[in-house]
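Below, chain A partners chain B and then partners chain C, in two separate complexes.
Right after this comes the complex of A and B.
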C-alpha cells in the first residue's frame, strides 16, 4: 500500500499563489475558505543580505492525526494510504476537528454546515493523477508521490535532502515535508 | 456557546456530585428538591446550547457513534448523568403536590436511592471534569494544553454547583432541615479560594512556560486583551467579592455571593474558550490570515455585472 506525502520546496516557491487559486477553483470553495495558503516570511536580514521565504501550507495528512481521533461521528477518516478526508454525510459541524488541528488546515463551510479540508484530491490520485495544486505549480515547488516507493521523487527528496516537518514536536507525524 | 455549554454542564455536574455525596455520607433529603432537579436540567440546557452550535443540529445524534472519541464518551456519560440525576430527584417529589398520600415507587427503595447517588457522584464528577480533559488534549492550543485546566474546571464546577444548590434551597427548602444547606456557602467559599490559588499558579506556570506560545497566551491574561475581564470580571466580581459575601451572616448577602459565584463561572469559561482561539501559528500565518477578507468588504458586495 502506498503512503502518500507531499514535499514543498521553499527554494523554488515564488509565492505566486497559483496553487491556492487552483485549489479554490477546482474544489469550488466559497470566498472565505482556503485549503492551502502560501504565507510569506520576511524579508529578513540587512541589505544586501535579504531573505524572504514563501511557505505553502496545506493539510499535513498526519500519521497520528488528532482530527481523526477527536471526531465523534467518524466523519474524519484516514485511508490506508494516509489520506485524511471528511465524509460530508457524517459531519455534524461540531468543529472539534478544527480545534484539534494544530495546523489550521480545516475550515467550516457555513453554507453546508460541515467541515471541509484538503484531501490531496483523492479522486484524482486514485485515477493516477496529481493533485490540482501540484499540477498548477509552474516552479515545481510541490512534489507529490508515494513515500514508500524508493524510486519516487518524494522518497528521494525526503531521504536525500534536508527535509523538515512543521511543528514536529507535537508528534503528529505530518506527511508534508519542507525543503529549505 | 461552547463556554455557556461548559458552564451549565459543569454546574449541573457539580450539583449532582454534591447531592450524591450528601445523600451517601450525611443522609437523605438534606438538599433541596429543586437543586436535585436543576442539576440534570442544567446539563440538558448545556447540551442544548452545544446542539445549537452544530453546523447540522438535526444530525446531533451522530455524536454518539464513535466510541474512540472523547466527545462521544462525554455525550454518553452526560446522558447517563441526566437520567440518573432525574431519577434521583424524583425521590424528592412531594406526593401532596399531586393530591396523593404517597407514591409507591418512593417507598422501600433504599438500595435504589443509594445506587443512584453513587451513579450521580461518578457521572457528575466526570461531567464536571470533562471540559478540562477535553481542552487539555489540544496540542496546538498553547493556553489549554497540559493537565492544569482539569482541576480548575473541577473546582469551578463544584463551586458553582454548591452555589446553585444554596440558591435552590431559598426557593424550595430541603425536606429535612440540617446544617448541610447552611454550610454550602462556606463550601463554595473554600472551593473559590482553592480555585483562586490554582488560577494564579496556572497563569504563572504558563507565563514562564515551556514554549513562547504558552507564555504569550498567558501574557494576554496579565496585561493583554483578557486582562480586564480576568481582573475585574473573574478575580474581583467572580472570586474575591463572593468570597467576602459568602462569609457574611446575613442569608441575603450569602445569596448575592452565590449569584456572583455563578457569574465568575461564566466569565472564567468565556475567557478560557476565547483564549483557545490562539493556535500555535505557523511561520507567516498570522500575517496572511490577517489580510484575508472578513466578508463585509465593499468589493465583495459590489455588483460586478454592470
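Right after this comes the complex of A and C.
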C-alpha cells in the first residue's frame, strides 16, 4: 500500500499562486474557500539586505489526524494510503474538525453546509495522475508521490534533503515536507 | 471534489490549444465533447511550460464563458459612453463600418484612419494587411513600451535582435529589468533549473522582486538610471581588460572610438546616478564578463524609461558585443527570420502601401527608428543578409501619443477614425487624460473586444472577438524567429464571436480588397504559411496534431558565413545606421526623464522617484480584473513604499494614498515593504474596476487608480530614437488619501 505525501520546495516557489487558482477552479470552490494558499514571509530585513520565503500550504494529511479523531459523524476519514478526506454526505457542518486542525487546512463551504479540504485530488491520484496543484506548478515546487516507494522523488527528497514538517512538535505526523 | 475527466469516454477529444493571456503562449490540452470544453490543463509535452500553467492560464474556462463577455456585435444608439446599445448582425456592422471608412478616405484621405493595438493577442499581420491595402500608414500598438525599440536598435548594431537565449549552455544570465517570477513563469522555471546547475543570475531591478529574491546578485538601481549602469559596465569591461579581444578584433567596428567615448564613465561616476556603490557596479560587470558564455535578457523596463531609452539599448547591445556573447553557444543567438516558412512580414502586403502614404505616417518626422524612415533603412540591410525583413506591424508604426494629439489638434492632419483591437488605451497608453480626450473627440471609433472596457464603452461599434480556446495560434516571437510553435482552436467561437483575422478580412472585402484575401479562415492562412516547410500534412490542424513545432537545426556563429546584417557586415559599435537616421553613433549619457540633478526645482515638489508598470500576478496589463477566481488574490491596487518613508508621511500599511506627478494623481493602497528604496515608490499598472458603472464619466473607475495618469508622453520626455514614452524614472509625491480633506476643514 502506498503512503502519499507532498514535498514543498521553498527554494523553488516564487509565490505566484498558480496552485491556489488551479485548485480553486478545478474543484469549483466558492470565492471564499481556498484549500492551498501560499503565504509569503517577507521581505524581511533592511533595504537592500533582504530575505523572502514563500510557503505553499495545504492539508498535511497527518498520520495521526486530529480532524478525523474529532469528527462525530465519521465524515472525516483517512484512507489506508494516508489521504484524509471528508465524505460530504455525512458531514453535518459542526466544524469540530476546523477547531481541531492545527494547520487551518479546513474550510466551511457555506453553499453546501459541509466542511471541505484538500484531498490530494484523490480521484486523480487513483487514476494515476498528479493533483492539480502539482501539475500546474511551473517551478516544480510541489512534488507528489508515494513515500514508501524508495524510487519515488518524494522519498528521495524527504530522505536526501533537509526536509522539515510544520508544527512537528504536535506529533500529528504531517505528510507535507518542506525543503528550504 | 476534484473533477475527473474520463478521456477514454466516447466522444471526448483532446485539442492541442494554447493559453493566450500573455506572450508565452503556454501549451494547453483542452478536453472537448460535443463542442464544449470540459476541462483544460497544461500540455506536458509543450517545450516551454512542460505542463505548468500560471494563475491566468488556469482560468481559461472562466474567461471563455464569463457572463460579462461580449458575444454579439453592438452598435451605439445613445450618446457616446451612455451605455445604450443595439445588437446587430455582423454583416450589417461590417457594411456600415466599411462604408464609413470609405467615406472618410474620400473626404480626408486614407491616413485619417488609424488603428490601435495592444499586446500580442491577435493576428496583427492581418491588421497591417488591411491597413496597407486601405492605404493608411497609421497603425500602432503600445509596442514602443515593449521590446520593439530594443529590437530595432539591436538590429541596427548587429543585424538582428539576439532574443533567443541559449541558456542551457550559459554560465551567467543578466535579467535587465525583467521579473519572470511574476511575469513569465516558463522562463522562470528554466532559470531555476539552470541556476541549480551553476548559472549565475544577476537581477537589475529597483524592487526586491520575486526574481531578485532568487538572484546571485541583485542590483537595485534608481529607476531610469540604466544607462549610467550600462556605460559604466562598458568602462569596466574595456579598462579592466575583460573584453573578448578576438571577437572585437575580428567582428566589431569602432572599438577604439568606443573606448575613448566611455573613458569618463567609471563606476565612481555612475554610483551617484544609479544609487549603487562602485563595488556593486563592478561586481555586476565582473559577473557578466567573467562567466562566459552569458546572456542579457531583455525586459520592458528600458523600453519604458523615456528620454534615455534608445541610448541605453545601444549601450546594452555593446555589452553583448564586446564580451563576444553573440550567436555562440550559451550566448544570445541571432536566429534571423525563418527562411523556411512564410513570415508575418510576408503576409503584411507592405509593398502595397504607396510611398507617398508612407511619408504621411504620424511621428515619422521626429521619431525615425520604428517608423518608415528607420524601418526601411534597417530592412534594407537585413534583406541583404537574411533575405527577409522584420515584421513591419510592431517595428514600423505611427507614434501613438502623436496620433492622439492629431485627433485633438489637427496637426499634422486630423485622424478621423480609430479602429481599436485587443487594447484598452484608457488604461494602457501613456497620459490617460490625453488619450481620454482623444477617444471622446475622434469622429468614429470601433473596438474589437472580449469585454466592455472603458475604451469599448466610448465606441460607436463593439465587436465580439474569439478568445484563447476559440482560435488557433502561431507563436514565433512577433514573427521574427526562425522557429514556430503551433496550436489549434479547441472549439469554434461561441455565440457570434469571430476571430480578429476575420474582422480585418471582412472589412477588407467590404472596402474593395476582395482579390487580396484568398484565405477564408485563419487556418487556411496559417496552412499557407507553413506549407513551404514541407511536412506531409494536408491542413494546419493536422500539423498541430502531428508535429506542433518547427525547430530548425541550430547553427551557431552564422556571422562567420554571412557576416552581420549591417552596412559594414560587422558589429557596428559605432553605428552607421543610427548616424544616418540623425542619431548619435555612440550612446551619449542622458539622465532619467525626470531626475533630481537635472530638475532640482521639480524634485522639491516631487521628491520621490516613481516606477510604474511591471507585471504582477495574477493580472496582465489591464486584463482579468473581472475574473473572480483571480480577483480574490488581489482585489485592490497596491503601491510599494518603504516603511521609513511611509512613517515620515504618516502612512500606515493598507492606507489609501495619493500618488501624484505633475500630470495628475491616482490613489492606490500602501503596501509597506523594505523591498524598495526609501526614495522610490512603485505603483501597480492597469487598474480599473469592472464591477462599477462602465458609463461615462465613471468609466468603471478607469481614472481612479490608473498608473498612466502619472506617465508622460510629451515629446521632450520621449526617447528621440523611437518615441517610446516615460513610465519609469519619473518624479512624484505621495500623501495620505484623507490628508487634504483634513486641511480643507
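Operating definition for what follows: the second predicted complex is superposed on the first by the 177 of 180 C-alpha atoms of A that agree within 3 Å, B and C clash if a C-alpha of one lies under 4 Å from a C-alpha of the other, contacts with A are read in each partner's own complex, and residues count from 1 in each chain.
By our rule, a residue touches a chain if its C-beta (ideal position, glycine included) is under 8 Å from a C-beta of that chain, and two chains touch if they have at least 3 such contacts.
Remember, predicted model here, so these are calculated numbers, not experimental data.
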item	value
Touched partner set for A:12, first chain B, second chain C, both or neither	second
Touched partner set for A:26, first chain B, second chain C, both or neither	second
Touched partner set for A:121, first chain B, second chain C, both or neither	second
Touched partner set for A:72, first chain B, second chain C, both or neither	first
Touching partner for A:164 - first (chain B), second (chain C), both, neither	neither
First, second, both or neither for A:39, with chain B first and chain C second	first
Contacts of A:138 with chain B and chain C, given as first, second, both or neither	second
Touched partner set for A:50, first chain B, second chain C, both or neither	second
Contact residues of chain A, present in both the chain B and the chain C interface	31
Touch list for chain A against partner chain C, complex	12, 14-18, 20-22, 24-28, 31, 42-48, 50-52, 88, 119, 121-124, 127, 131-132, 135-140
Contact set on chain A toward chain B in their complex	31-32, 34, 37-41, 53, 55, 57, 66, 69-75, 90-96, 99-104, 108-110, 112-115, 166-167, 170-172
Touching residues (chain side chain B, partner chain A) in the complex	53-57, 59-60, 62-66, 68-72, 75, 137-141, 276, 279-280, 282-285, 287-289, 292-293, 295, 300
Touch list for chain C against partner chain A, complex	1-4, 39, 41-42, 44, 49, 51-55, 57-59, 61-62, 181-182, 185-186, 188-189, 192, 208, 210-211, 213-214, 218, 220, 617-618, 628-630, 632-633, 642, 673-678
